[in-house]
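Below, chain A partners chain B and then partners chain C, in two separate complexes.
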Partner chain A sequence: MAPAVVITGLGAVTALGGDVRALAAGLAEGRCGIGRVALFAPTGRAVAAEVREEASAVVGCLPPATARRLSRPDRFALLAAAEACRTAGLEPEFGRDAGVYVGTTTGGMLATEEAYRRRRAGEDPRFRLSRLLGTPLATAAAVVSQGLGLYGPRETFSTACSSSALAVAMAADAVRRGVVPLALAVGTDGLCRLTYAGFDALQALDTEPCRPFDRDRRGLSLGEGAAALVLETDAHARARGARPRAAVLGWAATSDAHHVTAPHPDGAGALAALAGALADARVPPDAVDYVNAHGSGTRQNDAVEIGVLRRVFGRRLARLPVSSTKSQVGHCLGAAGAVEAVATVLALDDGLLPPTVNLRHLDPAWDDLDLVPEAGRRAPLGVAVSSSYGFGGHNVSLVFGRAAR
Partner chain B sequence: MSVPVAVTGLGVLSAFGHGVDRFWAALVAGESGLGPIRRFTAPPGAGPAAEVPAVEARAHVRSPLGRRIDRVSLFALAACRLALLDAGLDPTELPLARTGLALGSEFGNLDETTTFLDRLFARGAANQLLFPNLVMNAPLSYTTIELGLTGPSAMLSAGEVSGEAAVAWGAELVAEGGAEVCLAGGVDELGEVLHQALHEACLLSATPRPLDPCADGFALGEGAAVLVLESVAHARARGARVYARLVPVAGFALPAPVHGWSRDSSPLAARLAPLVADADAVVAAASGEPELDVLEAAALAAALGGRRALVTAPRAATGWFGAAGALAAATAALAVAHDLVPPTLGHLPPARHGLGVAAGRARAAEVRVAVVDGLARGGACRPLRFEAP
Partner chain C sequence: MDTDRLRAEVKELLVSGLRLDVRPADIADDTPIFGEGLGLDSIDALELVVLVEERFRISIPDEEVGKRAFASVDALVDFILQERAE
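== the complex of A and B ==
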């Protein structure tokens, strides 16, 4: 029988704050981290969930020249990963063979854009490689691995908005199969002009902070940040005296094979991912107590997603709380899956449902549902699912369970 | 629990042309894929690069949506179609929900990214038609759509081992029963701005000499290679030709500068030793980049411990690019299938550390085990091991 995979450490850097404590408090209070874009001058009236960076001593684990040149998302990744290892009580000798599984979409694009603009405009007489070091997506994994001394397998996944949900699934898979004794799953992404302008051009952005599941929803709000989770077998955690915060029960990844930007109209791939993850977890739909939705706030996504949930959970969906963490931290793209996995683990561990904020008028198509509007609430939870649907039709569902006490 | 995995098809787009036969014939004959750059106006004094001859979208794209396909995605799709054809698999007869796809790329769509940014900087406007092509997973989306694949899919980006990482992911998927068939490989393109940045940093060489003490840089290239992976049982049941078995081995990492190569080869040698202990051929990562060459030659020499294994470094002929490891994987599978190790272009003996580098001409030798060592900047190592079926 496959061993149980548990989560023993969490880390997060989001618009709600620089650590998990700040994220948990923001989720509990129903705060919205979405505001005006300050990082660059976007076109039009623009909002996003930006991370307000604070100086951190954590980057000191790298040589000064490397630390100085880290891109924002590489820094986010390192901070979140260090927090996850610290809260997992990880001593260096336990981490040595740990795998690092990262999900990201644009890496250090913000700095790369600027270096490119300067060179094109003639402001720089030649490209300086030191300004382009954060361009390859694999850099974040190298930063985390070298910074924290984690020398197991290293993988970087990029399946758009499901990138780090896939990273969590692959980390859990490696632990379950015994490939690694311990794994760190990380999602990270930083806002950049390219992503912002691209989503804006597709008219996918709400000019107000996004309103998932609302009748008047107009699109998503971009976010940024990083989240990290330490995964290991239950036996490994207990042997080193670590407290499991939750268990990863199952996962599945599927492809829509439908469209480069739009979701499948029937959500066929999303349905297969959710059903597959529940089957992998050996959990019947009736046992699920909470759904942390993809909930991007676009007209299409939310409608398709609710349709999928109705087909999986049937009439029981009316009593099953569903919420969108993107309403508070924005759509963190490559980091979204990991951020939402952390939110889901916190919900299970603290018995506190995170809300869907900015939800003032339920869409009449689902006014029978419990979308946890505006404020979180206490609820004992046993099993929760988190789904992420990537641009281009790459779907991942994760099933988490409360850790045995 | 895990099942043995067979390589039953290869699809390669390289500077030598389209298709695995052209690739292998040229590589074995010691041809160079390097030539003058035609895709863009290279700066004065720029050396040669390896360009893939134009791929006709019409030959590979069937869906109306695919008309907007970008060059990198088209390379990936074409390599997948060629690999299926080579494997004798009709795309319409694939078990779609049980077919996986794993693609690796370091930089994805370079050309359209700069086009998009140029317009954004000049006019503050974005091209909505281009944006969907700029996400790293665009090749994955287009290929799943064109082939109708609904099974597990993953885009991996692992720097210099992006190709190896995807091939390894696909092998594990099939070995663990997550899919019956998996298309796995990598793709990267020769982008003007990437070339400019590397040229201005003086990293490029007109004559790459991998594993040669005179190495002074690498040449940029592009291409795609995709392997059809299926369980040995599945391959036997349909009477498929098997190039080689792909035996999953774990990747690992070693202390190294985040953006560079380690100067200490002994930890790498210790980790590579069990992998190459019975290897008849090693497909090296060496590209002519001095820091990598020094590390790899010392580590391989120590790992082999005096035992002779034929070492070949195809990046001298195919050019260096992030997903070139997919071509290295194809090279290893072909070496096993044909008992032939292609030469390393530009290399003049003696090699660094007395390595048995195949130079000048191809070597016929029994190749029961071929290893791709898979080295990347920042200390990642993603080896692949191919064995005779």
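== the complex of A and C ==
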């Protein structure tokens, strides 16, 4: 029988704060981290969830010159990864065989854009190498591995908005199959003009903080940040005296094979991912206590997603809490899956359902459902699922379980 | 140009151009620019060549010249003055 995979450490840098404690408090209070864009002059009128406070620099084993040049997303990734390892109680020499699995979509694009802007403006007649170093997507995994001294395999996934949900799944897969005794799953992304202008051009951005599942929802709000999770077998965790925060019970990934941005109207791929993950976890739909939805706040996503949930959970969905963490931290793109995995683990570990904020008028198409409006709520949870759907039809569902006490 | 002003300008360029976490005035005139001194690496070296060539309109054609020019702040100031005199 395949060994149980557990999560023993969490880290997060989001618009709600620089660590997991701040994220947990923000989720419980129903705080919304979405506001004015300050990083660059945006072209549209939309808002975003920027990371404002960054914890003091964590450079670990990084040479000072490397630390000085880190892109924002690489710095977010290192901070979250360092917090996850610290809270997992890992000793400095643990990393000999630890794998690093990272999801991201645009890496250090903001700095790359700045290099091009400066060149066009004549401020830098020649390209500055240091401003382009964060461009390759694999740099976050390299920084985490070098900064924390992790010597196992390194993999980078870029499947749009499901990138780090896939990183969590692949990290869990590597641990379950015995490829590595311990894995770090990380998601990271930083706001940049490219993503902002792209989503704006697609008219996918709400001009107000996003309102997932609301009757008046107008689109998503972009976010940024990083989250990290330490995964290992239950036996490995117990042998070193680490407390499992939750178990990763199952996962599945599917494709829509349909359109470059739109989800398949039937949600067939999303349905197959959720059903596949539950089957992998050997959990019947009736055993699920909470759904951390993709919940982007676009008219199409939310409608397709609720349709999928109705088909999987049937009439029981009316009594099954469903919420969108994106209403609080924005859509963190490549980091979204990992941020929402952390939110889901916190829900299981603390018995606190994270809410869907900015939800004032339930869409009449689902006014029978419990979307946990406005503030977090206490509830003992046994099994929770988190789904992420990336542009181009990249669907990933993850199933988490409360850790045995 | 006055040597003191040039020296201050070189230090300011080092700090702002390479985004160093020190104040220009705290860099000693004889501090080695690479190695132990300011903690710069090979990527900083490439950057610094571009920065110095553009700011001071001089040319650092090869590694040998670079090594001599970037030995210290004072060495760089001397190199710039000498190049401009020619």
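The rule is short, and it goes like this: the second predicted complex is superposed on the first by the 400 of 405 C-alpha atoms of A that agree within 3 Å, B and C clash if a C-alpha of one lies under 4 Å from a C-alpha of the other, contacts with A are read in each partner's own complex, and residues count from 1 in each chain.
Note that a contact is a pair of C-beta atoms (placed from the backbone, for glycine too) under 8 Å apart; a residue touches a chain by one contact, two chains touch by 3 or more.
A quick note: this is a predicted structure, and the numbers were derived from the prediction, not measured.
Contacts of A:R117 after superposition on the shared chain: chain B is touched, whereas chain C is not.
Counting residues of chain A touched by each partner, chain B versus chain C, the larger count belongs to B. With both structures placed on the common chain, the touch criterion links A:L133 to chain B and to chain C. Using the contact criterion defined above for the overlaid structures, shared-chain residue A:P63 touches chain B and also reaches chain C. Judged by the touch definition given at the top, the superposed model places A:Q300 against neither chain B nor chain C. In the superposition on chain A, contact is made by A:S145 with chain B only, not with chain C.
When the two complexes are laid over each other on chain A, chain A has residues 63, 66, 69, 126, 129, 133 in contact with both chain B and chain C. Chain A contributes residues 43, 62-63, 66, 69, 100, 105-106, 113, 116-117, 119-121, 126-127, 129, 132-133, 135-139, 141-143, 145-147, 149-160, 166, 170, 177, 179, 193-194, 197-203, 252-261, 268-269, 272, 390-394 to its touches with chain B in the complex.
Within the complex formed with chain C, the chain A residues making contact are 63-66, 68-69, 125-126, 128-130, 133.
Residues 65, 68, 96-97, 101, 106-107, 113-114, 116-118, 120-121, 124-128, 131-138, 140-142, 144-145, 147-159, 162, 165, 169, 176, 193, 196-197, 200-201, 250-259, 322, 376-380 of chain B are the ones touching chain A in the complex.
By the touch criterion stated above, chain C contacts chain A in their complex at residues 18-21, 39-41, 43-44, 46-47, 50, 54.
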